[in-house]
Amino acid sequence: MRNYFPLLLMFVVVAATVGAIIVLSAVLGPKRRGKVKDSPFECGFQPFQLPTDRFFVRFYLIAMLFILFDIEVVFLFPWAVVFKALGWAGFWSIFIFIFVLGAGYVYAWRKGAFQWE
Amino acid sequence: MEIAVFLFLSGIAIVAAANILVQRHPIYSALSLIVTFVALAGIYIQMHAEFIAVMQIVVYTGAIMVLFIFVIMLLNAGAEQKVPDKVHVVKYFGLPLASLLIFEAGLTASRTFDGEGIPVESASINLSGNTEMIGRALYTQYALPFEVTSVLLLVAIVGAIVMAKKEL
Amino acid sequence: MEALLKLLSDNVAGYGSLASPLQYLLPMVLASLCCIALVALFPIVAVYAERKVAAHMQDRLGPMRVGGWHGWAQTIADGIKLLLKEDIIPSEADRVLFKLAPLVVFAGGFASLVVLPFGASVIVSDLNIGVLYVVAISSLGVVGIIMAGWASNNKYALFGGMRAAAQIVSYEIPAVMAILTVVIPVGSLSTQEIVRAQEGGWLGIGNWFIFKPVTAVAFLVYYLASLAEVNRTPFDIPEAESELVAGYHTEYSGMRFAFFMLAEYVNMFVVSAIGATLFLGGWNSPVFGGPVAFMLKSVALVFVQFWLRWTLPRLRVDQLMYVSWKVLLPASFVLVILAGALAVR
């Protein structure tokens, strides 16, 4: 527990430093606003439209698969730590776990879920 | 000191949780949820549940929030519009149900747990955190539920692909 | 941390008579200040070094004027210039999130420094979840990037942010699995324990994980994935200038832009330092151990990042996804199984 206090303090010190830098830059920097300067970036012309279109479903699929494999990895960590005490029993239980998910992985591959076209 | 940190963290968690409901734009709600999760992770650390704290951040803020935000982008959900409430059920049942939930939470909190779960040895937990204990319990006592989890994840993979496939 | 406390109480007269919370607070503040110094100085040196490395690889000289000798003061001048620039917030942007995003990204890079084992006792805090903590913090950085992309309300920024998120997320699993292959033989998540497990061996380097069969391949997987996680070439499509201008930080200027730059270089250092901790023996060295060895190894890995950046062209999005999901992911699965089978016997 005591090990985690530096973390909290670190965040406080960082927040103070970063805040000070931002304030400093706001004080030192010029403030000359203009309609053109404040418009969204585009290569020399007015943007035709702001990004309001729907997004590609591919992103959703990637995020979904990521969650599933992430959860799997999460399960592997407690195993890796007590691994030596568990021996082969632990190894086989993880092997089955990864094997079952491997089936899901093969399914995803065959269905073209990893294909970005 | 412990109490002060706890109050600080739980204060953040509660304010952020309330903010999820108050905010009109789904992105703001999603980001408030992240703040709540990070504050909760801090509370887990106070309870010596470091592994749970990290999982909270890795799985919820890292993975699930990215998914939420992608879905918001996918649906192009803008700021919420105010619609006159036509469903009266919400009005009449909301408050009683909420108070029931709070009552139940209070009841659970006031009860002391005995004899359940794994004995906590604070000396060993200080050294290695609870990662080892979770590992030991998960791969001996709860090995079968753990294996079933893999099937659950398999079903989820298939489900995610089938649902997204229609759009591809 | 404890070492700093001991140093203070041994060498500063009357330190022991200070109030007890203050006794603990002072080393913590000093440690945080050291980290801030590292975060401020490393990018200054690294940006200069990268420009020089790039220049010499392309047969030019790079910055030569500012400060006299080989333009050594170039990045300091750049930093001052950024500080003096206007902080432009586009009219269409979401002001709150736009202002907050660079700070979230920066804090993410910074917070990882806590667990880096610079030396046997030179570490801010030896957390018992060490390497997992770094993984968690890096996933918080993704949130900042998405915030920046979305809040800018500009199509280049939004696409950059989304691509960055998808990419970081895709490469996180191989990276974490590669870390696992080291955790399995060590049996601990603490960065110090991992370094201590690599002590000794043939010539004092024999126990480094890079010289063991499974973890040697894992090092390759980790290094590739870490390049992608910090958006470095050949995985820099989130900020591909030819199509996305500058990606998620297109709309940023002045100090807020500088925070993105600082975060990028700090993250480069962090992933290299973690690589050095896990696979290159950390502060162990046959000649001289400690912080110097650790820094040299980390900086060497950072140099390889420069080298790759100025050698390789950028991947396409589909190639990027191919590498992570169809090459690195199955490879890391196999590596974890192999590491397990080897360690259990």
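All chains are identified by letter, namely A, B and C, in their written order; residue positions are counted from 1 within each chain.
Please note the rule applied: a residue touches a chain if its C-beta (ideal position, glycine included) is under 8 Å from a C-beta of that chain, and two chains touch if they have at least 3 such contacts.
All values reported here derive from a predicted model rather than from experimental measurement.
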Task: Using mean Cα positions, find the chain sitting nearest the overall protein centre.
output: A
Message: Of the chain pairs B-C and A-B, which one is connected by the greater count of C-beta contacts?
response: A-B
Statement: CA centroids of chain A and chain B: separation to the nearest Å works out as 17
Query: Which integer distance in Å separates the CA centroid of chain B from that of chain C?
result: 28
Numbers and ranges of chain B residues touching at least 2 other chains: 50-51, 58, 62-63, 66, 70, 73, 128, 131
Message: Quick check: what residues of chain A touch more than one other chain, meaning two or more?
response: 4, 55, 59, 62-63, 65-66, 70, 77, 80-83, 90, 94, 105
Field: Residues of chain C engaged with two or more neighbouring chains
entry: 127-128, 132, 162, 165, 169, 172, 188-189
Message: List the residues on chain C that touch chain A in their complex, please.
response: 1, 24-25, 28-29, 31-33, 35-36, 82-93, 103, 106-107, 110-111, 114, 124-128, 132, 152-159, 162, 165-166, 169-170, 172-173, 176-177, 180, 183-184, 187-189, 245, 250-251, 254-256, 259, 317-318, 320-322, 325-326, 329-330, 333, 336-337, 340-341, 343-344
- request: Write out the stretch or stretches of chain B touching chain A in their complex.
  value: 5, 42, 45-46, 48, 50-51, 55, 58-59, 62-64, 66-67, 70-71, 73-76, 126, 128, 131-132, 134-136, 138-140, 143, 146-147, 149-151, 153-154, 156-158, 160-161, 164-165, 167-168
Field: Residue numbers on chain C that touch chain B, as the complex places them
entry: 97, 127-129, 132-133, 135-137, 139-140, 142-143, 146-147, 150, 162, 165, 169, 172, 188-189
Field: Contacting residues of chain B [partner chain C, same complex]
entry: 27-28, 31, 34, 38, 50-51, 53-54, 57-58, 61-63, 65-66, 69-70, 73, 127-129, 131
In the complex, chain A residues that touch chain C: 3-7, 9-11, 13-15, 17-18, 21-22, 24-26, 28-32, 35, 37-41, 47, 50-51, 55, 59, 62-63, 65-66, 69-70, 73, 76-77, 80-84, 87-88, 90-91, 94-95, 98, 102, 105, 109, 114-117
